[in-house]
Amino acid sequence: MKNFKNIALSILLITAMLAGLSGCDSGGDSNIIPAQGRLRIATTTSLYDTGLWNALEDRFEEEEGIRLDILYAGTGIALEYGRRGDVDAVAVHAKATEEQFIADGYGIERIPFAYNYFVIVGPAEDPAGIADLSPEEAFKKLYDTQTTFISRGDASGTHTKEKAIWKAAGYDYEEVTSAGSWYVEAGKGMGPTLQMASEMDGYTLSDMGTFLAYKGETGLVTVVDEGSILLNVYSFIVIDPDKVEGADAEKAQILADFLVSDEIQQFIKDYGTADYGDSLFIPCAGNEPTS
Amino acid sequence: MLHVEATHLVKKAGEAVLLKGVSLRINKGESFLLIGPTGAGKTTLLRLLGLLNSSFKGELSIFGVDVISNQGKQLEIRRKMAFVQQKPVAFSCSVFDNVAYPLKWRKIPREEITDRVGEVLDLVGMKEYSNRNAKTLSGGETQRVAIARALVTRPEILLLDEPTANLDPNSAGRIEEVLTKVVQEHKTTLIMSTHDLVQAQRLAEVVGVMIDGKLVQTGTPQEVFHAPQNSQIARFIGFKLAEQDFNRIV
Amino acid sequence: MGELWQGIIRALELIVTFDPEVMAITFRSLGISTSACLIATLICLPLGSLIHFTNFKGKNLLVSLIQTFYSLPTVLVGLLVFILFSRAGPFGNLNLMFTPALMIIGQSLLVMPLMLGLIISALVSLDKTVADTAFSLGASRFQAGLLSLKEARYAVITSVIMGFGRAISEVGLAMMVGGNIRGFTRILTTAISLETSKGDIELSLALGFILLLISLAINVILSQLQRVEKSAAR
C-alpha cells in the first residue's frame, strides 16, 4: 500500500513537470533550455500596450519561422538589456537616447518604422484650462496652477519627451519633481499610467497609440495635440555584435526588414482603425519623419 | 584474548566530569556486568566502549586495535559489536524490517536476511509479531525486538544498558535466557549494566562497581558481594540487596 | 462591486472552458515550480543530513545564516541571478536569460535555504536515539542519515511542500529572469502582475483564482500530513 502511494506520487510529480515544461512553449519547438534560435527584443511599453507587438509577433513567427520573444520594458531598461546582450534588438522611441546608444557603439543604426504624436491628455472638463495651448505653455500652466500631472517617471521614451517639454518650457527638471505632490511619478508603463491619470483626475503625456487603445476605459480626452515637439518616432535598433557578445544581429535584421516591408507597413497603418476609429501608428519605412 | 582494553578513560560534558579515569580489561567471551547507583556513569562508559562517543581522553583498544589512532577502522569495529539502549527505539516499520536493518546495512543478501531475522525473532519469542508495526508494541515487546535487532548481526561484543529494567519478571527472565544461550553458543562477549544485583550474580563472570564516575572495584561476583573493597561499595551493595529483598517480599 | 462580480464570472468562464492561454500559463507555473522544488529537494536532503550529523565549528552560525535567508526578498534573489546569468555576466554564454530553465534555477536557489533549514529542524526534532541506535547497530553515517530522514519523513515532506509554496507564489524572481514573455516564460504570478497593471482585471482574477486553488490544495495536503505526523508520533 505504501509503495503504491509512493509510485503514484512520483508519477504525478513527473507528469506535472513534463506537462509544465512542454506547456512552456505554446506552439513551435518545445525548447526550454538555451534560447538558441530565438530572437529576443525589448520593446517600449507604449508599443506593447496597444497590442501592436502581439499582432506583429504572430505574423512574424508564421512568415519567417523564427520564435520571437518580446520583453515589455521601459526604454531605459530596454537599452540596458541591449547593452548587456540579453536581447538582440530594441524598439524604442527616444531619439536622443538612441543616438547616444549608437554613438557608444551598442547599436548598428536607427531604423524608424512608425510614428505618431504625443498628446497631453486630461479630464474632459479641462480644469486647468490648457486646451489649445502649445505643449510648452500647457506645461507652464499646469506648473503654475499645481494641477495633478502623472509622469511616467521611468526613463522611458515618453518620460524623456516629457522632460524635453519641461526643458523647452524653461524649467529645470529638478524643480518640477520637487514642486509638490501635484506632480506624480508613476513608475509604470503607458497603459497603467493613463489609468492612474483617469483615477486621479489628472493630466498626463501619452503617445497617441496607447491613448486611443485605452480611451474607452479611461474617459480622458486629448487636450493638447499640436506642436512639433510632440513628434514621436519609434525606431528599431539592431544590437551590434561587434560590441556586444552574443547578439544575434542576423535574425534581428530579418525582423528589421520585416518591419519596413511594404506589407507590414500597411499592416501598421491599418492597425487599430477598426477598433479605435483612427490609425494608432503611421508607417515611415525607415525614414525619419519630419513634421 | 583481550577484547576490550581501556586505560584511564576521562569523559567530560561541559563542566561535569562523567568518567574519572576508568580502566578495565575484558576478555573474549567474558560476561562483564556493571553495577552502581544512578548517575554513576554506567551508560556513559557503555556508550564509550560501544564507540558511540568519540570525544574522550585516555586509551581504548577494541579487538586489539587502538580506536583513537585508527579512526578509519571505527566503522569496521562497530560492525562487530551491537548495543541495546536503555529505552530502545523502534523504527517506523514492521518488526521484521526493524530487525532486518542491521543486515541491510551490511549488504547481506535478501534470502539470508529472511532466514536470520526469522531465527532471531524465534529466539526472543517475537516470531508472530513479524508483520506488526513496531511502533505499536509494548515496552517489553520493544525491548525484545531491540535485542533481536542487536543479535541478528552475530556481534562479537554485545553491550546492553539495563535491558531488563522496565520489564515484568516474566519478560526479564525470558531475556536472561536468551542472553545466556547466546553467550554459551557463540561465546559472545557480554558487557551489560544492571540495577539488579541478583541478576548480576546470575549472569556475570566479572562484576564492575561504578560509583561517581570511577570504577571502584572489579572482580568475581563472589569477591565483590562478599568482600567489598570499601565502605562506599559495601553500603551500596547492602542497600541494594536490602531493597531487592524488600521488593520481593512486598 | 459590479466589476468584481463581472471579473469573477469571466474568471470562472475561462477556467471552465479551459481557455488555452490560461491553461498554458497554469501548467507552466506548476512545471517550473515543481522542477525547482525537485532540484532543491535533491540537494537539500543529503546536505541537510550532512550538516545535522556533522559537528563542526561554526555550525550554529551556519544554521542561523540559513534561517536568515528563509524570507530573502525574491527580487533580490532575482537581481542576483540576473546579474550572474546576463550575457554580460559570468554565466552569460550559457544563454539562459529569459528562459524557463533559468527560472527553475532561480526558484531552486530561492527555496533552498527554506527547505534546508526546515529539513535540519525536522532532523533535530527527531528523537536523538534513532541515529544513535542506527550507529550502534553498525550503520555508516550515510545509512544513519537515510534512516533518520525516513523516520522524520512527515516533517521532511512538509519542508518540501513549504518550499513549493514559496516557489509557486513568488513573482519578483520570475519577472526579472524570465521576462514575462508571452507563450514562453509567462507564469501565473507574472501574468497577474502584468494584466492587473494593464487593467485586464478579469483575466487577473481568473489567474488569481487558480493560484488560490493551488495554494489551497497545498494547505490541505500540509494539514493532512500534520495529522498523520501527530498520530505517528504517538
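Letters are used for the chains, namely A, B and C, taken in the order the chains are written, and counting of residues starts over at 1 for each.
Criterion: contacts are C-beta pairs under 8 Å (C-beta built on N, C-alpha and C of every residue); 3 or more make two chains touch, one makes a residue touch a chain.
Computed from a prediction, not measured in an experiment: that's the story for all the values here.
Colleague: Across the interfaces B-C and A-C, which one involves more C-beta pairs in contact?
Modeller: Answer by contact count: A-C.
Colleague: Mean of the CA atoms for each chain, then the mean for all of them together: which chain is nearest?
Modeller: Going by the distance between chain centres and the overall C-alpha centre, it is C.
Colleague: Just curious, how far off is subunit B from subunit A if you go by their C-alpha centres, in Å?
Modeller: One centre to the other, that is 78 Å.
Colleague: Report the inter-centroid distance (CA atoms only) between subunit B and subunit C in whole Å.
Modeller: Taking the mean C-alpha position of each chain, the two centres sit 46 Å apart.
Colleague: Using mean CA coordinates as chain centres, what's the gap between subunit A and subunit C in Å?
Modeller: For subunit A versus subunit C, the centre distance works out to 33 Å.
Colleague: For subunit A, what residues touch not just one other chain but two or more?
Modeller: Residues of subunit A never touch two or more of the other chains.
Colleague: Where on subunit A does subunit C make contact in their complex?
Modeller: By the definition above, subunit A touches subunit C via 13, 16-27, 32-36, 40, 49, 54, 57, 67, 69-72, 83-86, 188-189, 191-192, 195, 214, 217, 244-247.
Colleague: Which subunit C residues qualify as touching subunit B in the complex?
Modeller: For subunit C paired with subunit B, touching residues are 127, 129-130, 132-140, 143, 147, 150-151, 232.
Colleague: Quick one: in the complex, what on subunit C touches subunit A?
Modeller: Answer in residue numbers: 20-21, 23-24, 27-32, 34-35, 38, 86-89, 92-101, 179-185, 194, 197-199.
Colleague: Once bound in the complex, which stretches of subunit B touch subunit C?
Modeller: Where subunit B meets subunit C, its residues are 50, 52, 75, 78-79, 81-85, 87-89, 91-92, 101-102, 105-106, 135, 146, 149-150, 153, 159.
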